[in-house]
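Before anything else, here is the set of structures, which you'll find just below.
Two complexes follow with chain A in common, the first pairing it with chain B and the second with chain C.
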Partner chain A sequence: MTLQLANLEAPMLTADSVVTDKILTTRLHGTADTESRPGLEGYVSELHKEACRLGMSKVVVDLRNLEFMNSSSFKVFITWLGQVMELPADAQYRIHVLSNPSTHQWQRRSLAALSCFAVDLVTIET
Partner chain B sequence: MVVGAFPEEIVSRFRTLSLERIGRVESVWNALLQGVDDEEAVRAISHDLHTLKGDAKIIGFDEVHALAQKLEELLALASHHDYRISEDFELVVSMATQFASMLLKKKSAAASGIDLGGFLRQVDDVLRETRVLRKTRPTNPGFAPLVETAADRLSTGTRGRLAVAATDAFLEYLSARQPHSRKRLHGIWRSLSAELSRLQIIELAPLVERQRGAAQALAGELGKAIELVIDVGATRLDPRVAEAVEMAMVHLVRNAIDHGIELPAERGSKPHAGRISIRAQEISGYIHVAIEDDGAGVDLEAVRQRAPDASERELLDVVFRPGFTTRADISDVSGRGVGLDAVKAGLTKVGGRVSIHSRPGLGTTITLVVPAPTRQLRVFQFLSPGGSISLAVSARWSPTVEPATDAAIDPIQILELAAHSRQTITNIQLPLPEQRAVRLRWGLLEIPIKIATEPVLATAERVCPTPDEHPLEILTIDGVETLLLRPEHIKP
Partner chain C sequence: MNTAPYFHLVLQPDLGVVSTIRRFTNDLYQRVLDRELAGRLALATHEVLENAISYSNGRETELRIDIEGDEVNLRTWNHADPERIEAIKDGIDHLMAAADPDAYYQECISVSYQRTDGGSGLGLARIRNEADMSLSYEIDRDRVCIRATTKLVGGLRA
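Take a look at the complex of A and B:
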């Protein structure tokens, strides 16, 4: 089965994804703000569906090149996590976030808080 | 004391109503951030959060209670800043509502993989950072004070954990060999137990006084005038009981204002302002708290319509049935709460009860009866093998002295105390021959324990109460520090 997920091309925000083995990796570039939120919402929703359809064991979210994400956009990730947590245990996949908080200050609190949300599912790599 | 879970129908209704409340909080919060200034909506979500906090406490969703309290603080602080707040602030509010929703569905954070403690620390950081920037502006009247944390707000769980830590310090003191170590460890135990002792009793008056602001705000919102009269003297309560009584009062005062007190134009010859009085007194080991209003009284006709099966005698008690409300609409203030059934269940949980008396046109009195605090416990006291440590078990056990066998538990070994562990004991002098045991019986349980003296009945002072499921507690009997064993929780 191949990945059927279109790249995101929103104002100031792009995202692409690739599957290797049982790992789906998505990379975000640019700035996620109110204007790009609808696009991000749709993209993450499709990402979740694909991860479930392909039976992924892990989704890697690479935020190292994401300059900024406002709280409104961040809620998209919270909602996504909630959906993963609602899945039956054997259908859940782990989410591994690649971050760079020393360059992107916004990641400090937001990712720390996000990891509290689902300690068994989310890992943050700095 | 009756301790038990709430009926599933109450819990289920609590979940549904609370999820609706959280939904409203989220929706109003988002509108506020977009510059929509709606004081009424702010008041409404303030009530929602306050009710959620109270309901969660009653039902036993402590984590939801903690989140609701943090959300109250966050929203109050945001209002101080005219909702011009940082991204981090926005984020933690959003996450707090999400956390609360998840916990309402699943109840336990640990079971859901949520690190609630970690998240609450993040919230505290955000609150601290934002308070530094705080402007001097009056609080929005809809919100509770910014910080409500005081010694009397320590949770039962926290008090229990502190008592266990103090008990551990006492055990270390017993085992210490060097005089200076013994003195230091005994000092730690004494100061911890003194502090805990102070926290064991809660004054009722401050809890009742807290109702004033919310009561006046609600009355104003409903176009009513009220006078709140408080006369609870120096009544004191056990912390668990205090929690149940406070949450009951929140509901009952709100009910009195919403359902009981009439609009000024409808009060006829009665004074313009409705009168609600809260009085308390101790009678024969029980505290009676009466919440009385001079309103219209319970609408018995409406009750009869909702409960046609109830007899005349049962009619007033119907208001305590699950899901009961006389309101046809669900937009009112108190008609949407978890209700008087949950108030009753919360009081029952701590060994209390509630009754209602109503006279049409003259008012309603609801009386809460809860156990008065007591720190005394009847026990059997005896000395450990070797006669070096004062031990006790609750007097609910029936003791029989018999020759010791290998099956008998040696408390010194079980407690992992060193052989030299000792204390000065002056109040028990009935040595038994060596190798004796006391066989303790309680219900189906039967546990033999090695002893050095005949068990004697005594009245002990609970200076540092540990949770009921903890195997040990320190008591004092005639000034002698004594280890209370809970044999049913001791694992050999």
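Take a look at the complex of A and C:
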């Protein structure tokens, strides 16, 4: 099965994904703010559907080039984590976040808060 | 003469400029402040300004950043409807009264997950928790001032 997920090409935010060895890796680049939120919301929704359809064991989210995420985009990730938590245990996948807090300082506290919301699912790599 | 550094911006409410203003102010913060403090202030600037613009009734919105003594103050002013003013007062009162800010923030995140109206309700909570700033407000009829304050950690760079 192949990944059926179109890249996100918003003016300030891009995203793309690949699948290798049962791991889906998605990369975000730019700024996730109010203007890009609808695109991000649609992209993450499709990402979740694809992760479920393909039976992924892990999704890697590369935020190292995400300059900023505002609160409404933060909620997109909260919603996603909640959806994964609501799956049956054997259908859940882990989410591993690649971050770069030395360049993007907001990531340290925001991602820590996000991982507390879904402590059994999320790991953060700095 | 007051020589304390400040920045004051008056704008027509437009969400499209918030990220631009965050980048601009972040550059200012990084130039004169401790790096960690600058990062917290950039997040707070984005959220407090976006909040002010989102809930403005269309008249001009203001952002002011002051370094006063050993504090940094971010202030926004907008004009808002009575329902929104009550929501702001209630939200800030609860944030500042929380005995355990981290636990309360996690409650806010859980509440946000349940919301289906498109909003997150997390802007001010992020300022309180992630940017580690205290919040207060002043109301004058329909004019709302929100102030976010933190200590000037590390002083000012020469």
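By our rule, the second predicted complex is superposed on the first by the 126 of 126 C-alpha atoms of A that agree within 3 Å, B and C clash if a C-alpha of one lies under 4 Å from a C-alpha of the other, contacts with A are read in each partner's own complex, and residues count from 1 in each chain.
The rule is simple: a contact is a pair of C-beta atoms (placed from the backbone, for glycine too) under 8 Å apart; a residue touches a chain by one contact, two chains touch by 3 or more.
Predicted, not measured: the structure shown is a model, and the values here were computed from it.
Residue contacts after overlaying the shared chain place A:Ser57 against neither chain B nor chain C. Legend: residue contacts after superposition of the two complexes on their common chain; A:Lys75 is shown touching both chain B and chain C. Looking at the shared chain after the overlay, A:Leu121 reaches chain B, while chain C stays out of its contact range. Using the contact criterion defined above for the overlaid structures, shared-chain residue A:Asn7 touches neither chain B nor chain C, since it reaches no partner.
Of the two partner chains, chain C is the only one touched by A:Thr31; chain B is not.
Applying the stated touch rule to the two superposed structures, the overlap between the chain B and chain C interfaces on chain A comprises residues 70-72, 74-75, 78-79, 82, 106, 109-110, 113, 116-117. Those residues of chain C lying in contact with chain A across their complex are 15-16, 18-19, 22, 35-36, 38-40, 42-43, 46-47, 50, 54, 105-106, 109-110, 112-113, 115, 118-120, 122-123, 125-126, 129-131. Only residues 12, 31, 33-35, 68, 70-72, 74-75, 78-79, 82, 104-106, 109-110, 113, 116-117 of chain A touch chain C when the two sit together in their complex. Chain A meets chain B in the complex at residues 70-72, 74-75, 78-79, 82, 85, 106, 109-110, 112-121.
Contact residues on chain B toward chain A in their complex (touch as defined above): 87-88, 90-92, 94-95, 98-99, 101-102, 112-116, 118-119, 122, 125-126.
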